[in-house]
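Below are two complexes that have chain A in common, paired first with chain B and then with chain C.
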Partner chain A sequence: MRTRTWAPYALIAPTLLLMAVFLVYPIASVGWFSLRQHTVTQPWKNGFIGFENFRRMLFEDQLFWQSLAFSAKWVVVEVGLQLVLGLVLALIVNETFVGRALARSLVFSPWAVSGVLTTGIWILLYNPSTGIFQQLAQWGIGDPGTSVLGDPATVFPATVVTELWRGVPFFAILLLADLQTIPNDLYEAASVDGAGRWRRFISVTLPHLRDAIVLSTLLRAVWEFNNVDLIYTLTGGGPANQTTTLPLYVARKAVDSHDFGYGSALTMAGFVILLFFSILYLRLSKFGSRA
Partner chain B sequence: MKRLLVALALVVSACSAGQDGPTTITFWDNNGGPGRTPIYEELIKRFEAANPTIKVEYVGIPSSSVQQKYDTAIAGGSTPDVGGVTTSYLAHLVGQDALEPLDERVESGPLKGKLLPGLLETVRQTAMDGKLYAAPASGNLDVIWYRSDLFAEQKIAVPSTWDQLVDAAAKLTKPAENKYGFTIRGGAGSVFQLLAEAYSYSGVDKFYDGGKSTVADPRNAELVSKIAGIYKKSTPEADVNNSYTQMVAQFTGGTVAMMHHNLGSTGDVMKALGAQKVSAMPLPVGPSGKRTVVPNPTDGFAVFKGSKNSDAAWKFVEFLTSAESNGYWNEKVGQIPANTDVRSAEWIQKNPAVKMALGVLEDPATVLVPAPVYLPEYSSITKTDTEPLYQKVLLGQLSAQEFLNQLAAKLTTAQQEWEKRK
Partner chain C sequence: MTQTLTRPETPVSPPPPAPPRRKKHRDPSRFFRLHLPLAFYLLFTLIPFYWMLVFALRPAGETALVPWPITFEHFDTVWNGIGFGLFFQNSLIIGVGTLVVVTVFALMGGYALARFKFRGQRVFLLALLCTQFIPGAMMLIPLFVIFKSAGLLNSLTGLIIADTAFQLPLALILMSGFVRNVPVELEEAAMVDGCSRLRAFFAVTLPQLRPALVAVGSFAFIGAWNNFLFALMFASKQDKFTLPVGLSYALGEFNTDFGALAAGGVVAAVPVVLVFAVVQRFLVQGLSAGAVKG
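== the complex of A and B ==
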């Protein structure tokens, strides 16, 4: 009989242990550091300072609010455009046409490219001496020497396009997989009832895709919020901090300035925001309770 | 398993053999890579031939991660015996009590009086106690690399003042052909170079005046405005994001005619363009005509306190900074030898850039204005905090004076804290 009492605990122990090691400990240690002054280059100043980092962040640090606002804009624009374009692509490659297999693999290939490589490709494309804009200038469109990443007016769209190139296939893959599970009978029944193409899309396809859309936008929003590799390598957050997201600011504070205390406070802010939105989003969309 | 045991046995025997066999010291090269590693390999071969009882184990570390590697080694107690260091992070190592002072060893050995006083000074200045924690090996100087062929073609005189440089840059610019006169470093590393430019123009001969930073001097701001004024006119638009890599690519690719960097880029520049097309000039001067130079970080060798064979370690440092090795090394990398006996070497006469740099450094009229690289916050102030601000100046979103005021305020606070701890 005794075995019954410890067996369940023993069985969930590995999971609990893994969660403790990979979830609880890192979060707790960042929380602890956020209450400390901790700079590698000035060890004599290290120590517990309570909520001083948070006070500085909320009331004195203009760049914190600026990077937060930019993160919000980045997530909304990126996820919105990726969802719409991904859905369009998924619907296209879901149709039957000659060369569909080739089209599908072409559509999905950017997803396989890492963030830093994506940057490498796009930096070459944007290069003012050898890239597409130099080519366009030779044909008389635009000025020679145009640097889209150097001009504050164009750096945002240029960065958005780069990330779209990589992000759209993610939505296309997920939505396509879900599209293929929609039974054909539904479309046939709808046609019999006199529904046109658009009506079938609104009343059959979209409701069926709801869970996939919810899940993929949530996941993607978190990923885009935390996107560091692509922006860091493409613009470094510049020019003049114009493309600095919150995580990028964290990286600059913690990695470049060795200020781990303040960097941790910034991280906690990001953590709380993401947690709040994840809960809200899951509740609003009633994920998992398809009634 | 068997293999592992054999390996273990070998390690054990190697350790015990070390006691009566040759002494092994570890040497970390702080800028390891295909360019410099072979030079050290040759020098180590020569050293071991001359000192059969000492074996040197070479470890090449890329310069971008060397500071982090030293930090980790200090924390874990696994520092090398000898390490290459530059003054930009020397204070940081001294602050962690990781290095041996070398004053006595230099004074009592063959290096006495043989090291360039200016370089010794820059090394001493980084330590709070004013002691020598690294033997300087090589100096560097900011220069303007220019396309001598283009200057000759268009009959433009080589500028000696900043105003002449601005004029020359305008003349050499042809936007329709994607040709520009000058390139600005607007991205990573920008502020460090900008300070050298500002002080060379202003003639302000002290970085601090009574504990207050002189960075915001209106004459410094004048130069910053001048540079911002030619952005996009005589320079490519992409310059606002330029780090070293992009800058040097524009220069060697033929897009720009002048580039401010230092002797450290000799290899990249010469390999791409060749001595017929490119020359180096010192940074121009301003209206005062005074030559004020913000020195570049000095390269040198440090002996770590954790070394169990510090005598052997010092012997190696002495060997590396001896006239012969020091000359060999600096000839290969194109920098200024710290050992004064090398000055008359033939290769210096054949290397106009190094000869010019030595001339500037040894000219009694030259005033050195060392930047406070010893401040623990220096790199975070001049990089994370103010590089984006300089980009704002270039983009016309912030005035040069306001930018320098903010920079000066941070530098003054940091200096005052440092003075208090002293």
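== the complex of A and C ==
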């Protein structure tokens, strides 16, 4: 139906308008703000300062590098674990068994829970006086009064597990959807050729899932990089900025100190890193090259 | 007698091949590779939910793992005392508003992408994909400036607009996949019969898109219901708080009142978890049918 009518343009017009105002314009304005001193609480100091924000960020701001390093660690650990566990979960609920529909609804359900609510739930679970570790201690497992979120040694794993609870279903859903598109005769042919379960997984399942894995890990990596809700409410970036990610640092600059100029420079840094990473990842993984 | 002999023999259909008796239920490896890991994962998923429920229903100060008798005092505290009743209402307005706007715009745009070829189509699709890399959290600063100058701070409409803008691109891509799966021939046949394109759409295509509308709409609802940063940043007056913002304050202020926190959590969780339980089937089917591949 190749047409030369105005119809398709009219149909996408609302989307274009919203994107222009709330996505394109903000990016442009972040670029502009990043070259300015702009603090809401000190408007008399506002003005154009060139690359001063970037100089400060790169050479004087310890927390920038620290938060960037933590962001990288966070993304790699989260996406890696979510992918592996999500794939295992998808394979499990792709089998036929009694109560499968219910099992799927249950194991996927944390995906619908917000970051703040996840924090609320896990604070109840982690709390030192009436939490799960206290309960376990009563049964003789571990020490009573363990505060996993307050202890610098355990705050990272505790935060990772919390985010896994909500993040694994994302991969499981996407990969399950893709698993269901694998033609059954591929498996049968492999079986006839004498391939065992593991062999079939390696030579039929994984190659088929390849594009879905590349796409979901990339989307998830960007999403986890930008994830603020959970860390903001669970640890607030602490203890001692140990769990501060770059976006959390930006959000704190914006919300707490209203330093829009410097916050914008940090945002630009995040953009450039994400863009570079995404292009590199798609290139290296040869996305979409599957025959 | 001859009659019966000459009667054309009705072909006796061969008995259906016996379903291959799979011995899967006696396969002992199934326990280790299916039931055991599933049981572990179910525990990991459900214990946190259960913990919240116990705190919400247990009288303050008790530690029983199975609370009895249960109490609704915490729900009374958060709903009437802290104002979760109002937050719930705000979240509901934003969720339903976003659902409606996102679904309608996604349907329009998705139809345009699936059924027309037009100049700039590829650029438009690329732009939609690129938006997935734009972090909402990092857009807070310029969005705040826009919202302030447009007078949209502390307004539920403003939050609906912001949520819509960030959810529409993905919803539109998904929807175009769903529309593409409806055979265009049905629509064309209706148009040959004299329907206008619009009538053909409403009479033929739209009814087939019901699962798609449910899936896309529910995800818009869940996304808006759960959004925290926009609500925190753009609605700082307490009468415009949403549930996540209310919860975040409960996390700080009522650090010792776990009962209230848990009850607030239950209030925030129940609608989305229920909606999701219903629609996850559509989602897996929809993604499976090729919606992700655009």
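Please note the rule applied: the second predicted complex is superposed on the first by the 269 of 291 C-alpha atoms of A that agree within 3 Å, B and C clash if a C-alpha of one lies under 4 Å from a C-alpha of the other, contacts with A are read in each partner's own complex, and residues count from 1 in each chain.
Here is the rule we use: a contact is a pair of C-beta atoms (placed from the backbone, for glycine too) under 8 Å apart; a residue touches a chain by one contact, two chains touch by 3 or more.
Worth saying up front: this structure is predicted, and the values here are computed from it rather than measured.
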| item | value |
| --- | --- |
| First (chain B), second (chain C), both or neither touched by A:L219 | second |
| Contacts of A:L149 with chain B and chain C, given as first, second, both or neither | first |
| Which partner, chain B or chain C, touches more chain A residues | C |
| A:D256 touches, of chain B and chain C: first, second, both or neither? | first |
| First (chain B), second (chain C), both or neither touched by A:P239 | first |
| Interface residues of chain A shared between complexes with chain B and chain C | 127 |
| Complex interface listing, chain C residues touching chain A | 24, 34-35, 37-38, 41-42, 44-49, 51-52, 55, 63, 65, 105-106, 108-109, 111-113, 115-118, 121, 124, 127, 131-146, 161-162, 164-166, 168-169, 172, 184, 197, 222, 225-229, 232-233, 244-245, 247-248, 250-251, 258, 261-262, 264-265, 268-269, 272-273, 275-277, 280-281, 283-288, 290, 292 |
| List of chain B residues in touch with chain A within their complex | 71, 92, 95-96, 175-178, 180, 186-188, 236-241, 250, 253, 255, 376-377, 379-380, 383-385, 387-389, 391-392, 394-395, 397, 421 |
| Chain A to chain C touching residues, read off their complex | 1-3, 7-9, 11-12, 14-16, 18-19, 21-23, 25-27, 29-30, 33, 88-89, 92-93, 95-97, 101, 103-117, 119-125, 127, 130-132, 135, 165, 173-174, 176-178, 180-181, 212, 215, 219, 222, 225-229, 233, 247-248, 250-251, 254-255, 260, 263-264, 267, 270-271, 274-275, 278 |
| Residues of chain A defined as touching chain B within the complex | 39-44, 127-129, 134, 143-147, 149-152, 235-241, 244, 252-253, 256-259 |
